[in-house]
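Presented below are the structures under discussion, each in the form of structure tokens.
Presented sequentially are two complexes of chain A, the first with chain B as partner and the second with chain C.
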Partner chain A sequence: MKIEVLGMGCASCNKLYQNALEAVRQSGKEVQVVKVEDIQKIMSYGVLSTPALVIDGVVKAAGKLPKAEEIKEWIK
Partner chain B sequence: MNDRCLCEQNEILIFACAGSANVGQIANQAAIQLAQHGVGRYFCLAGIGGHVSGMIESTRAGKLLVGINGCSVACATKTLEHAGFLVGEHIQVTDLGIEKNHDLHLNPSDVGKVVHHLASRISKRKEG
Partner chain C sequence: MLKTLADYVVFDLLMARPGTHLGEALNFFIYDTLKIFLLLSVIIFIVAVIRSYFPPEKTRRILSRRHVYVGNALAASLGIVTPFCSCSAVPLFIGFVESGVPLGVTFSFLVSSPMINEVALVLLLGLFGWKIAFMYVGTGLVIAIISGIVIGKLKLEKYVQDYVYQMKVGHAEIVNQNFREKIKYAKDYTGELLRKIWPYILVGVGVGGFIHGYVPSEFLVKYAGPGNPLAVPVAVLIGVPLYSNAAGTIPIVQALMGKGLPIGTVLAFMMAVTALSLPEAVILKNVLKMRLLLIFFGIVALAIVGVGYFFNAIL
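On to the complex of A and B.
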């Protein structure tokens, strides 16, 4: 499983990255978490608002900051 | 290349039907002008119709969705509603006295009429 955190490096994007790491830590699962800061790559997902969170190629959230608990549910 | 940060809040999202008749293209041009005037952000209706997850989730972040329909078929509004969104503000270009036809030589004053009408309605909404 792979989580991509889309954002251009602002505070909200960094916070979402931390939330994703925390969700993975709590779940105990083997999940790769990567930051995507390239605007072209971000837009290739059809995302028009960041921060955004993508799990295995599917955008689960955009323009908001899901908490670790919520992300944990998505990676169950 | 667009190097603008996408973290800006998109409170007002504008969708146009962009249909093949003159009124659909007037709707599209009006959406572009409204975005250029800072009234809202122009969003992609085709992405909603295609259930593109990025577009759907980006739209969820909006506070007010505006649908600009060319005619009474109301494709912009219906597409958004079909995807489960509530369209807070919507109009039909034909309701402003602009006749639907297939002449794509658009009259700029028709586009201006739609822009003015919607900008005024959205402004009143903000005041209210």
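On to the complex of A and C.
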């Protein structure tokens, strides 16, 4: 499983990255969390607002800041 | 009701005498703070729910392949309800341009979206009343439409960074929220936003209260009153670096207006605070060549100054 956090390094993007890490830690699962800051890669997902959260290639949230608990639900 | 509460706290609990500088400043501070926070909680929540129905992806779909005039008017209106954060200006701009939204229409959106925001709207409603809030929204729309049309007519596509046109934009479906999730998000969003802006509001209202109670009216009218033709452009210049502090600046401006600052100057200043921001310019530099960036800021600034003179002249 892989979580990608899309965003060009804004404050809320870092917050989302932290939330994702926290969710993975709480779930105890083996999940890879990566930041995607390259604009071409961000655009390739078709999102227009960041931060965005992609789990295994599926855009789960865009322009929002889901909490760790919500992300935990998505990776269950 | 709030007025009674503020009167009670200041004049009865704190035993400040009505009519004194301290009493009036304190009363103003408590009344305004209560009113603003009440309005903010309600209106930010409502706006957040409305906005969840207009994600930028949908707005783009509505705007793609639109032409001038109708497209500009639609883009400016959608700018009000589509959530926008300057941190996503780059993907938004690329996404719009790539899907065939004309450059001028894109700019109408980029002007109205930050300018007509919920915080500015609440503060204008709460502190200045319906009439001025309405004027702000109306003239904001006009500025966004006109700036976009002018940029469209100038044929400036060559001043967009070249890589923008080579981008490959995907079309992933974004998972939809149901109504309950939308409400929950709106609630969280309201809480987060309030947590972020409350110190600015307190400082702003505090300074406003001080001006209200202590600064003599003649002082301000002498320098920034209707007699000084430079007041409007200077107000716009001062507004640019104050970005993101609409929450703090609007209460101060309201107090200044009470001291005789003319309405056109006040509107121009607030529009400059919300619409023209240096951080946004830095971000837009990623997709615009310097020349287009300067033209964009120049046109919007000119339009705002024009609005300022217009209202100073007719009211």
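By definition in this document, the second predicted complex is superposed on the first by the 76 of 76 C-alpha atoms of A that agree within 3 Å, B and C clash if a C-alpha of one lies under 4 Å from a C-alpha of the other, contacts with A are read in each partner's own complex, and residues count from 1 in each chain.
Just so we're on the same page, a residue touches a chain if its C-beta (ideal position, glycine included) is under 8 Å from a C-beta of that chain, and two chains touch if they have at least 3 such contacts.
Quantities reported herein were computed from a predicted structural model and do not represent experimental measurements.
> Touching chain B in one complex and chain C in the other: list those residues of chain A.
Correct list for chain A: 7-8, 10, 12-13, 39-40, 42-43, 45-50, 58-64.
> Per the contact definition, I'd like the list of chain B residues that touch chain A in the complex.
1-3, 5-7, 9-10, 41, 43-44, 47, 52-58, 60-62
> Given the complex with chain C, which residues does chain A contribute to the contact?
Chain A reaches chain C through residues 7-8, 10-13, 39-40, 42-50, 58-65, 67.
> Quick one: in the complex, what on chain C touches chain A?
Contact set of chain C toward chain A: 55-57, 60, 83-85, 87-88, 90-92, 94-96, 98, 167-175, 185, 188, 192, 286.
> Considering only the defined contacts, which chain A positions touch chain B in the complex?
Touching chain B from chain A are residues 7-8, 10, 12-13, 39-40, 42-43, 45-52, 58-64.
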